[in-house]
Every structure is written in C-alpha cells, then in structure tokens.
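Right, I'll just put the structure down here and ask away after.
The first chain written gets the first letter, and so on, giving A, B, C, D and E; residue counts start at 1 in each chain.
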C-alpha cells in the first residue's frame, strides 16, 4: 500500500458518491494528507460545441440548456445574448427584466442546492434534507412560470417565450418572503453550527493573489476578497438598472480568508441579494412585448442572413460563464461556438486548495467551487472513422472481469 | 437468478452518471429528500455497485465513460434491475449526432437485463417513483406473482 | 452539541412531515393486487404534487389539421419529429422529445399541444403510447 | 509606457495599445452595447495583433491590472487558424469592465503560439484545450498532456478544424431502420446490443 | 448446578443469538424511522432492516479477484460471532447473565473490539484502496474510543470491587455514591454516551465507511451474504453496547419499585417479569435514541484526526475527572 516514499495514489471518481457527476481527480496521499492533486476531466464530454456547429441557432437553444441541468438558464441566456450580439437583434426590455428575474431565481435554487450538497459531503444529511426541502418552494415557482422543474425553455433569440404576468407577482412575492423568513435559520445552520464550522473553517484556502492569477470566477474568488462580478462589472440583461454590490466576506465583518467557510458565507449572502434583485425587477418591469420577433420562421431566415461574431458574458451562480458565437452569411448552422463555463476556470484553483489537506476534506473542497462538470466538459470528440474497437462482446466482457480487479488497484472504480 | 418478494421492497440504488446534463441527477437527489422521500419504499442510495440492486443510469454514454459503465454493470451482483432515467439515456435525446456519444445505455447491457425506461427531459421525481412502480410490476411478473 | 439543531429536529419529529406520499405511503405487498384494487376504486392513490397550468408534458399531435409544412422539423432540437413523405405528416417519438415546445410555437396550424401527462415509464421506450402517429 | 489610473476608459486603452504596439496592431474595433432602461453600456474592444507582438500585448495588458482571461476561442478560417483571447480588465469597477478580445492569426503551415502561462497562470486549461482541439502547438506550455480527449484519440485529428484534419463522419442515432441501413454512420436505436460500426 | 439447569442454560444460549438479531434489526429499523422523522420525512417502515437482510442473503456473493478469499469470507463471521458471544455474558433485563465469571466485563470489552478488527481485516483483505483507507481509519478510531470506554468500565468495577457483570448489575451504581460521586458518574455516563456512536460506527464517527469520502469504505467490495452478515453484526452490536450501558449504569428493574402480589403468586411473577423485559427494551430504546439517532442527525462527520482527538483528549479527561471524583469520595 505504501511505497518507499510513503505516498500512494487514490483516484477519486469518475463514479463516486461524492461527485454526482463523472469527474476524476488523482490524489497522491501521504497517510491521510494530500500531497498532490491532478484533475482528469473529460468524462462528461458530449461534443456539444461540435453538435452546435451543425445545427441552427433555434435548435441549439435547447441543446445549450442541456449543457447543464443545474445552470440551465445560464447557457441559454448567454447563447441567445451572443447570437443577438452577432446578428444585431435587440431583445425587448421586458424580456431583459424577465431574464433577470429567472436568472436570480435560479441563483437562489442553485445556492440552496449547493448548501445541501455541501452538508451531504461532510456527512450531515439532516441539512441536505432541510435545504432541499426548502428548495422545493423555488422549484415550484420556476415550474409555475416555465412549465418544467429543471429545463426551463424560456429563452429565444430576441426575447423570452413566456411572460411573467401581473397575476404571477403574488406567487413570486410569496416565495421571496418564504426565503426571507427562513434565511436566518439557514445562516444559523451553515455559519453557526460548531460541527460545520469545524469542517469548513481554514479548509481549502485560496489566497487573493492565487485567485486573481488563476483567473478564478464567482463565489470561489469573491470569498478571497476579489471584486469580480460580471453583473456589476459589465452589466447584461437588466442588471444595469438595478442596485447591487459585490458580495465579499469583509463586507459582513468576516475575514476574506477564501476558505470553505467564506465561500459558504458568500453563497448564502447572495441568496439575500437575489431576493432583493427580484423585488427591484418586479417593481421596475416595463410594459412591452416579450419577444421582438414572435414569428420564428422569419427569425430563422434573419439568422441565416446574419454575419458577425458576438460574445455573451454572465455571472452564473458558479461564476462567470462565457459564450462566443460566430455566424456566417448563408450558413444556417453556427459557424463557431465556444462555451466556457465557470468550472472550467475554477478547475485551476483546485491545486492550491487541495494541497496539505486530508482525505476527509476531499469531498467538501471538491464541492466548494460548486463544480458543474456537465458545463465544463461540454466538448469531446472521439473518432469514429478510424473504426476503433470500442464494443465488447461476451469474450471481452469475460476478459474485463478478469482484468478489472488489477485495474481496480491502479485505476479507479 | 432467483427473485423473492423482499427483493422489490429493499431496492438499493447505485447511481451512474454516464454523461448526462445533471437535470435528471438533481431530480434523483430530490426524490430522496423530504418532499418525495423514496426511502419509505426501502430505496436507498449506496456508494458501491457491489451493494446495489438497481443501477440508475442518466445520460447517454460518452466514449470516456463506456469502459467504466461496463465495469459497473459487471461489478453489480445478480439479480439486478437497470433503470434508465431521462430521454438521453434511452434514445440519446438531444445529443443524437455527436461522435463523442457511444449510444444509449441499453446497447451496452448484457442480453436479458431487465430495463425500465423513465421518460422525461428531465423527469419529475414522481415519474421516477412511477418508474419504480413499473419495476415492481415487472419483477412480480418475473416470479409469477401477477394475479 | 448544537442545541438549536436538536430543537428543530425534535420539533420536526412531532410535526407533520413534508412528504407527499405519492402514490402510496409504503410499498404495497403486491403491486398487481394493489393496481387491481385501484382500478376497481377500492383503493385511492395519493395524487402527485400539483402541476401548474401550462405544464410542459407529453405532446399531443393533431394529424388531421397538419399540412406537412415541415417547419416543426426545423426547430426540433432532438429530431424527435420525423417526416413521413408518403403521408405528408410527421411522426413523434416521445422518448426522444426534450419537451421544449418550440414546435408548438412555430406550427402555423396549431397541431401540437403540450398536455399535462408526465407519468411515463415502462419497459419499452418505443411503446404505442410513446410514438405518436406511428 | 504610460498608463492612466484605473479604471481606464476605452479611448485610453486604445491609445495605450496603439502607442505601444504601433504597426503590429490591426482592425481595432470599439463597441458599446447599450442595455436596459438606463442604457448602461457593455464595453468591448476587439483587435488583431501579429503573432510576434502577441506576448507583448498581453504584457501590456497585465500592466493595467492582473488580466482576467475568460477563455480562448479558436476557429479554422481557410488558410489560417484564428485564436481569440478574451481578456477582461477594469473588473471591480461598476460598469467599467472592458472585454479585450485579442485576435491572433496563425498560418496553417506554422501553427505555433508562445505560451502566456507565465503571465496568466490560469491560461493553462485553455491552452491545453487549444492544443488538442485545433492542433496548435503552444511553445513553452508547462503541462502538455491531453486534458479533455481520450489518450486513444488519434493524434492527427482536431475536432474544430474544418479541413481534412477535422472530423468527417459522426455517428447519428435514429429510430428509422431504413435510414440506418442506407447510411453507414447512422446507427439504429431500436435494435438492442447491435452496436457494430 | 444440576443437569436440568445446564439444559435450560444451553437452550437459552441457543436461543439468544436469534433474540439478539431480532431486536438488533428492530432497533435498527427504529433508528432509521426516527431519523427520517426528525428530518421531516416519512421514512422506511420499522421492518425495513428485516427486508434488507433477506434480500442481501439472496444476492450473489462476489469475491474480488485480488482478495484473500478465506479472510474475506471469515471476517464477517467473526464480526457477527463476537457480539453474539458477548450477549451471553450480559444481563438482559431481569435475567442474570447466562455465563458468568470473575472478569466478564473485561471479556466483553475485548469481544466488542473484535468486530472492528474483523471489519478492518476484511477491508484490508478485499484489496480496494478505499477499503484500505477505511480499515486504517477503523483501527485508529478503535484505538481512540477504547480508552474512555475502559476508564468508565474500570471506575465502575472499582466501585463494586469486581469485574463480574452479574455483581455490577445486581445493584445500581448510583445508590453506592454520594453527591460528589454522582457528579463523577454523570461525567462517566457522558463519556460512555460519546463512545456509543464511535463503537457502532455511526455518524459523526462513521469515517471508516463514509459514503461520500470512501464510497462505502470498508465494505466497498462486500456484497450479498457477506455484507448481510456485517449488517447483522452491526445490528447485534447495537443491542450489546446498549445492554452493556444498561448493565453498568441503569440496571434497575421496574418491578423493584412496585410489585403486584408477592413473589409467591405465579401469575404476578410472570407479569413482573414481562414488565421488566419491556422496561429493559424501553431503556435500550431510549439509549439508542439519545446516543445514536439524535447524535447521528445533529452532527457532521468529523475528520479522522479530530475524531481521534475528541476521544483521546476531551473524553479521556472527562472520564478521568469522573474517576477522580468517584475515588475521591470513596477516600473521604
């Protein structure tokens, strides 16, 4: 089990209960202490960018949504923004407000979800159950607005597909007050509970310098005191009209340590911010059409003629997401599409965070950047034309069964 | 493979994400939490395929995952039931034309493995429970309890 | 030990549970027997959590009014719709659908409607209920 | 090299780069997209830079502020490959962040670019990705292993290229048996366990 | 002792494993149900563990290729046998222990250590890296909680001047001490309750099988019958540790406080016996509720070094302080 240098390797993943998604990190351990971490992404590559380059923009919207089911709003929002930028289509202002409300609702759901997952990773299932129980409320609201709990299909190029009408306001307000009433409890659990503090304080530290150099994004770096938030820095949708400020721990009287605790703090405080932003949006919502081009056949024609490139940047619950789209005249499909999700940038921040920590901290540190592997791994390609053998017949299966255990030692589950 | 009545009342589930978008995965976790609570049916999420009775697959199989998926299938002791959650696992869904995808999960399974398909994109947690119900019905039919 | 957590837990032990016991509270002894009881009305199942209006469930397709314009094929993201040239109608595979509803929006004759049905699970992903207009 | 205090305006950034890089800079484009009721602009700068001056451009940029590299996107346009480094500076200032997208053109017969990981350590992920997806060689990259692709993946195939080194065929999954029978790359979903290629 | 007594004794020894397993599984079901209810869920029915066991016993039993097969199979058996043997030495409610000797308390402490060792050996024999880490953790944890447990046991034995459980459980230890000693005993009780989740590998001391960290840890390679035997061992251990706690600290029988009729009236004697048994089961239930269920849901899993520290420093000090108080009072 131990070599001469007393270190040994334990691969975590790709199928591992701590990671709900396929992802692998190879750890070199000395006893229970991590001396090296080497992430191996790519298990979830589905070649989405490539698929997108062979489909027209309207077909890509549901595809972009399925880059990730937790941040399904993020990618459709950014994709449509990038296409609008490239084709010169203006969405209506009401659509911008509805997009903002949806994005903030998703932030609430995502952060509450994260809190539950984090509790689960440190073996505190009670709080997993508690947070997911209260998360159902915003899921109900999202389902009420869009017609589905997870994939919302709200976006289209030039606007949104469903309106948030006046009779929906009470239900939104009801949800917001529900979260406000429960917020102190949530904070009490995640910031006050001694056994959670024991597991999150001074664990997985990312310094401000490292955060900036490694181009980290979102709550991961804001917890280290970096002021980076696309919603404020470079306002998109309706954020330019709203009042909001950077959420960093020092604003609330904590130190900007960048450990798991401050990341939790930032995420929880963002829930409050989201509630406030949704209220502002509902108050200021202009009375307009929700879609600048309701005739989709006409829109498709317009997009076919468009020529240009556009980018979309957005502050997803996990940090900045980025889409680059290029349209070519006469080509119905996208000419180029580059998706960059938050986890892609935050991947590099794993190395300093894992160093010197324990095996027991692997799940919580892995979870503390709120990894979204589905987002990150969107593109993979394996050649079919070379006709590599990838099928297994019964003989191969038998051989596998003989070899598997040998591999289990060196490889992973 | 002998099936007894208790088998369907104590289904231990191992969840494999073979390249899905997370949509179904969070709905699976949601099914475990208080609102839906599948533990009342004796269903439990376990950490190792060795302990599992049901393999819950989400997503199409990506090339890099195929090997692992096969290994998980083969590490699971018999008798076992496979549940495919979501449309991309059953027919590749929206990822139909990527060559990074090695097809839906049912093409990789050994002949005769019982499969339950749960349709939806993603499915609601209730539909998952409905899928479990279908599995019960199927298991009862297998051992001839379907009077 | 965190006292407030313990108090909450004791409170939750005594108060009503958050679970919606769909379809039945515990595993029935025999599902077939239970199913026949439900059919004869002797046993009622607990309904699922309410679905909202405008829920995006299984698609319904009106074959008669379809004019075969193929617009829906242009927006279907997953090729769940297949054109039948001899009939000039489309065929819909529910097990491939993404339930995005773009075909509903673009259809000039309103052939498609998103229904409330979402309880779809079975042993066959190409069963009769899951292929419309086969 | 002189630069103004943060946050720098778009004009300042323009003159800063144009003064320092002179001729090696082309197609300078400034964009302001106004959004929302208050018409707050989103500021974008695009420019193309020669390959030999590329590192200098990044160095200049990092003098302004530690630059935030969003990602590098790349596309195959005919006889050369275009790389776009999407940077952002002026973060931390409300509404002032400017996306600086630096384009570099690499001719197909010499697909190399110097690394910028010494100035921007976070660029490692995206540089490794460009190596495997576009067939570019990043000179001086500290870790040149594959990141996303399988080790079995052929070394001379690059998925984002449109030329002969790109991907030609892909398997497509359909329900229709006839279509599957006629096209070799199309696979039928309805026959189980029949996964031959 | 005549032949008839021996016959009855052997009969009881044959029956008691089944009784132990039955109640072990029942309390496990209770623990799961109450845990679920505290988390605002309905939870599984009480008989769920019985179903799990029956299912596990019909499943395929896979032996990993690189495992040492006989150790792999033997360790679950040892893990189950040890607590079953311990059960024979424990007083159950109104019944005296079936077997007794002068040092049976020491014997029980050793028997309680066997399942942990067997689990660790089984984990190491299965060869998976996760199981190896799990085995290391199990052993570290075992070394940690044994010390406070031993301190508590020795203090109580000192008070009785005997290591015989029959002697210890015949009188309540609380009646032998004054106020100062009672305070000491209270500290010892706290220490014993802290040992309970560690001994039973329940959260927050389930590091050895931590699902999110080690994917099942020790048991990662076990399936089918072997896993079922471990499951049973865990259940029986719960009863044994609970019964030990009762024997050491709360051995009172309810019939001591009231009794119907006299001991001469056969019907009432039977009634008193039944009441005592029920009271014993209730005590066990309360101990499991307080020591396992509540702790399990109210705390996060500790890191292994912090768990070890918890037992070595605060709990050991607590135990020693209790001992000092008890001894001090005896000296005065």
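Note that a residue touches a chain if its C-beta (ideal position, glycine included) is under 8 Å from a C-beta of that chain, and two chains touch if they have at least 3 such contacts.
Model, not experiment: these values are computed from the prediction.
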Which chains make contact with chain A and with chain D at once? B, C
From the C-alpha centres, identify the chain that is farthest from chain C. E
Looking at A-B and B-E, which one has the bigger number of contacting C-beta pairs? A-B
Which chain has its C-alpha centre farthest away from the C-alpha centre of chain D? E
Approximate Å spacing (C-alpha centroids) for the pair chain C, chain E: 48
Chain C to chain D, mean C-alpha position gap in Å, rounds to 41
Averaging over Cα atoms per chain, report the distance between chain B and chain C in Å. 18
Starting from the mean Cα coordinates of chain A and chain E, work out the distance between those two points in Å. 45
Out of chain C, which residues touch more than one other chain, so two or more? 2, 5, 9, 17-19, 21, 25-26, 49, 77-79, 93, 96, 98-99
Touching two or more other chains in chain D are residues 150, 167, 169-171, 174-175, 195
Expected list for chain A, residues touching two or more other chains, is 17, 42, 45, 47, 50, 62-63, 66, 126, 129, 133, 151, 193, 195, 379-384, 390, 404, 413
Name the touching chain pairs, would you? A-B, A-C, A-D, A-E, B-C, B-D, B-E, C-D, C-E
In the complex, the residues of chain A that touch chain C are 55-56, 58-63, 65-66, 126, 133, 140, 143-144, 146-148, 151, 153, 161-162, 185, 188-189, 192-195, 296-297, 300
Contact residues on chain C for chain D in the complex? 79, 82, 93, 96, 126
Interface residues, chain C side, partner chain E - complex: 1-2, 5-6, 9-10, 12-13, 15, 17-19, 21, 25-26
Touching residues of chain B toward chain D in the complex: what are they? 63-64, 91-92, 96-99, 101-104, 106-109, 111
How about chain A: which of its residues touch chain E in the complex? 1, 8-11, 16-18, 32, 119-126, 129-130, 133, 193, 195-196, 198-199, 358-363, 402, 404-406, 408-409, 413
